[in-house]
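We call the chains A, B, C, D and E, going by the order they appear; numbering starts again at 1 in every chain.
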């Protein structure tokens, strides 16, 4: 029997309650979540009332694995954290270990590191731009970006022998002497890059649809950005000129002339502008680094017992052989203590917290990954907006799920 | 019976049958939207009769009427469905038995 | 059996079947589909009756707009299967037989009325001339009702807007 | 390192002048300053550091526990604070007991601590009273144990 | 036999339907090939390449694949409607093409007695009927979305119903200007009304006076066929694939075919209404145009021959030489004057359609996607007023007698 209807205030109010929101499960299998991200959306029609990111689908326990490996062995794990910017992760880990041990890396290695990490930044931003564009329907930009990224991958391969899991940076310097002629290859790529960036900008920057899809979408004020711990382009697009490379220079970044790119839009479009400008800025740094890299010189610090001896030394001197054997069997033991080393990865502040108890294996390694923290801002960005904007917002935070879940 | 031509009466009978089925649907159905649809069915049946008569008398007035009926039906659907949506949001139900506020 | 009769028979059967399906279907969307079937068969009948313009309008407005609106609303509300609640006994035992009776009465009357003897197919004015004549009628003799309906539609649109708007 | 030098960091000086109770100890290592704060004081200290006009540690870079398993107090909780304006970093450290470790959540000060604390809860089992939504974040909800603890088995069938 | 002799029109219609169906199905298949190839070249890649020379057998392979794939029906789906929807979509998409005249209404065929029209049905109010058919085309999409009983398809279905209803209004309004100019709904009459030339060489097509109407039509048509930048119902990155997320196997293929059929239909309409249908763009006194189709085919054949010899290897060489042979023989036949006269109409018609289709694909390679609310406001707030204004101006033209009717 239907309930009798009485005309009273209370019944009207309960009867006129809002319809139940629809719960939509976006991901973990969804083309625009950039991996296995799951976002639980509560919808009113197409409007997002609540967004809750659910992560952990790619949790591989890298931090735990590090505890049972020697310091040098851990480097290969760092590639897998942010698989779009492996060299940045290598650098973060190596810098932290070097700080813990107290090694001065030769300038040549530092410059090469700068060059390669900036190249990584370009390549990572290219992937971001491409995927962000295809999320919003611009298909060609995606393929253009990957075409250029391919060239950068070829440089990785030429230098380190690997396209993605490079592990090229080692504690104290580099893994190998870079092959001859590699700078010419880099030059060829970065000479072509500005033209390519113009090409993307031609397709997007003044495109009305692109502006309509990104301007005013995913607003994140400077206060909110800081409060939520956002870093990298996400923070700089809100007008905060915080860049680890400038604030806490590492690896000789203080010797380079570059600007921190900021924008005041606080929206997806501002982040697009910042990232594109950063690509150009990175090219500038790469040019400077190419001029500075000395043709000759050590590519690794010399510290017996910690840095592996050169091949020649290992084969000719008994100490070298012993050190080599010791480093590769039991590793080396830095002093007990903790360090926190931050670098500016393409996604923001990548911090490596390393605690040593004086044994050859790190007692605890923690990667403060920018994606993990930046992803927290997602509800802030997209609540109250449309589903289509969720896609733009996920894209604009530039997350890498490997980095989020570690 | 000569089956090579179709007398207008056939159309009229069909129209009557459809109208009757519309009435039955109107009475039987409990869902507001389906009730609404049975009204449309009745309107359609009447339209058919109009067109058939227009044909029988070779006069276009019937067609004009059909035209107006269709237009009015469109207006009716717009308002009616808006009301249905409001109703559904407020009552969480489309059953006419639950929406009997206007019943005395 | 001639082609027009064949077409008439098929469409009439489809229309009646659609109407019955409308009643029988539990899902509102099946009812809507049934109604669309009825409308399309009626449109073919209009063509047969030499009123192609009305047939086109029937499909464009009825099947293409009004019924899309219905389907849209059904999808939007997604209320699921119709619930059968207590059904008036009076309607069940008195209404239905009476309705059927009325139906047969009307049908019988129509079948034997003078109007029914007219032949519905064969050469009448060509379709395009009928369309042209119709428009002439609409814009001359029935200009006022025509304008009035346009205002009606405007009012309906405004009404729908007011209803749909959130406070 | 002698105590003279250690106290020189401006944060330490400020903290000491604000409330002597808030600084239990100070460690300097590789140019990084670690201020050890009593667990009960942490929320107050954080509030002070975040709002004090000359310090402005408005950015919480990182929050991570370290498990010193056989030792007691077992857990060290490190807060890496960053002042964007002053380009300054400082690490706060709190020591927590091995049995039912709990510490007030700092989410009221830095909303970003939300996921950091969830991660610490998920992997170390440290509770944060006052946290808005303290659930597992990386591991499945029904997971047993806290994987990053040192006594968590790394091999064998559970 | 008696039946056939009694109903020659019926038989001719059935034969024409069969031929047209065959041609249209092939065209659909090769439209996918063309789209993939074009998009690929826009995005600097090769596109289909391995199945047949230049991927020419790719559509066949795709069709076979779809046929033999498992046809999954979700257990919660409404089986009847779920099965009905793709058939509805495809049938309606193909039906509309039956009304399109591909050539002049009466043409003496060289090897047949009597005259034949290049269309299945020449209806006096053909334009209205095409609109009638396209207006119920929305059911395929809407019902597919609803019957899958899944959230993404439902939203896709809802979006498409709203979108198609909205743009249908503009689509119809933008065409009324042409109807006013032509004074008829009949396609053949509309086309013959566009004969003649401005200044002796600019064809007197409706696109010249109705340029605004044409632009509105084109925009609305793209929206109506759910193509980028209006492909919201199937926005892959937001709604996974929209209304056909749950579809697989040949039902999925049917939606694709329906989409391409709709593309062809609206291109045909644009050609008829604005570009003079099967009329040649050149004045009749230029007699050489009679040999254009044949010459074009022969040129294509020569290119294929060159390609066969220069580029192709192995089996592809045989495949392409068949194509070469077909082109050359076809070209030679088309040079025979009576044949050339017959295929003039279809040749120009097809050429114009291909140009419009190229434009479609070009857009897809260039533009990002609109957001749902932007799409709606674009349709209602810009497109509809502009097409209405166009209509009013055109009507004023007649009322004030600036143009003589007929």
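Here is the rule we use: contacts are C-beta pairs under 8 Å (C-beta built on N, C-alpha and C of every residue); 3 or more make two chains touch, one makes a residue touch a chain.
Bear in mind that the values here come from a model prediction, so they are computed numbers and not experimental data.
Number of steps on the shortest path from subunit D to subunit E, with steps defined by chain touch: 2. Contact analysis places B-C first among chain pairs (by count of C-beta pairs in contact).
We define each chain's centre as the mean of its Cα atoms; on that basis subunit C and subunit E are separated by 31 Å. Separation between the centroids of subunit B and subunit D, computed from CA atoms only, is 72 Å.
Rounded to whole angstrom units, the spacing between the C-alpha centres of subunit A and subunit D is 24. Distance between subunit B and subunit E, defined via averaged C-alpha coordinates, is recorded as 36 Å. In subunit C, the residues touching two or more other chains are 53, 57, 65, 69, 74, 76, 85-86. In subunit A, 2 are the positions where the chain touches two or more neighbouring chains simultaneously. Per the touch definition, subunit E reaches subunit A in the complex via residues 39, 42-45, 151-152, 155, 228-229, 231-232, 235-240, 364-374.
On subunit C, the positions that touch subunit E within their shared complex are 3, 27, 29-30, 33, 36, 40, 43, 52-53, 55-57, 59-60, 63-65, 68-69, 71-72, 74-76, 78, 126-128, 131. Taken together, the subunit A residues at the contact with subunit D in this complex read 55-56, 59, 61, 63-64, 68, 99-100, 102, 226-230, 240, 242, 247-248, 337-340, 342, 349, 351, 353, 355, 363-364, 366, 368, 372-373, 375-376, 405-406.
Residues 3-25, 27-31, 33-34, 36-38, 40-41, 44, 47-48, 51-58, 60-61, 63-64, 66-68, 70-79, 81-86, 88, 93-95, 97 of subunit B touch subunit C in their complex.
Residue ranges on subunit C touching subunit B, taken from their complex, read 1-2, 4-5, 8, 12, 15-16, 19-20, 22-23, 28, 31-32, 35, 38-39, 42, 45-46, 48-51, 53-54, 57-58, 61-62, 65-66, 69-70, 73-74, 76-77, 79, 82-87, 91, 95-96, 99-100, 102-103, 106-107, 110-113, 115-122, 124, 130, 133-134, 137-138, 141-142, 145, 149, 152-153, 155-157, 159-160, 163-164.
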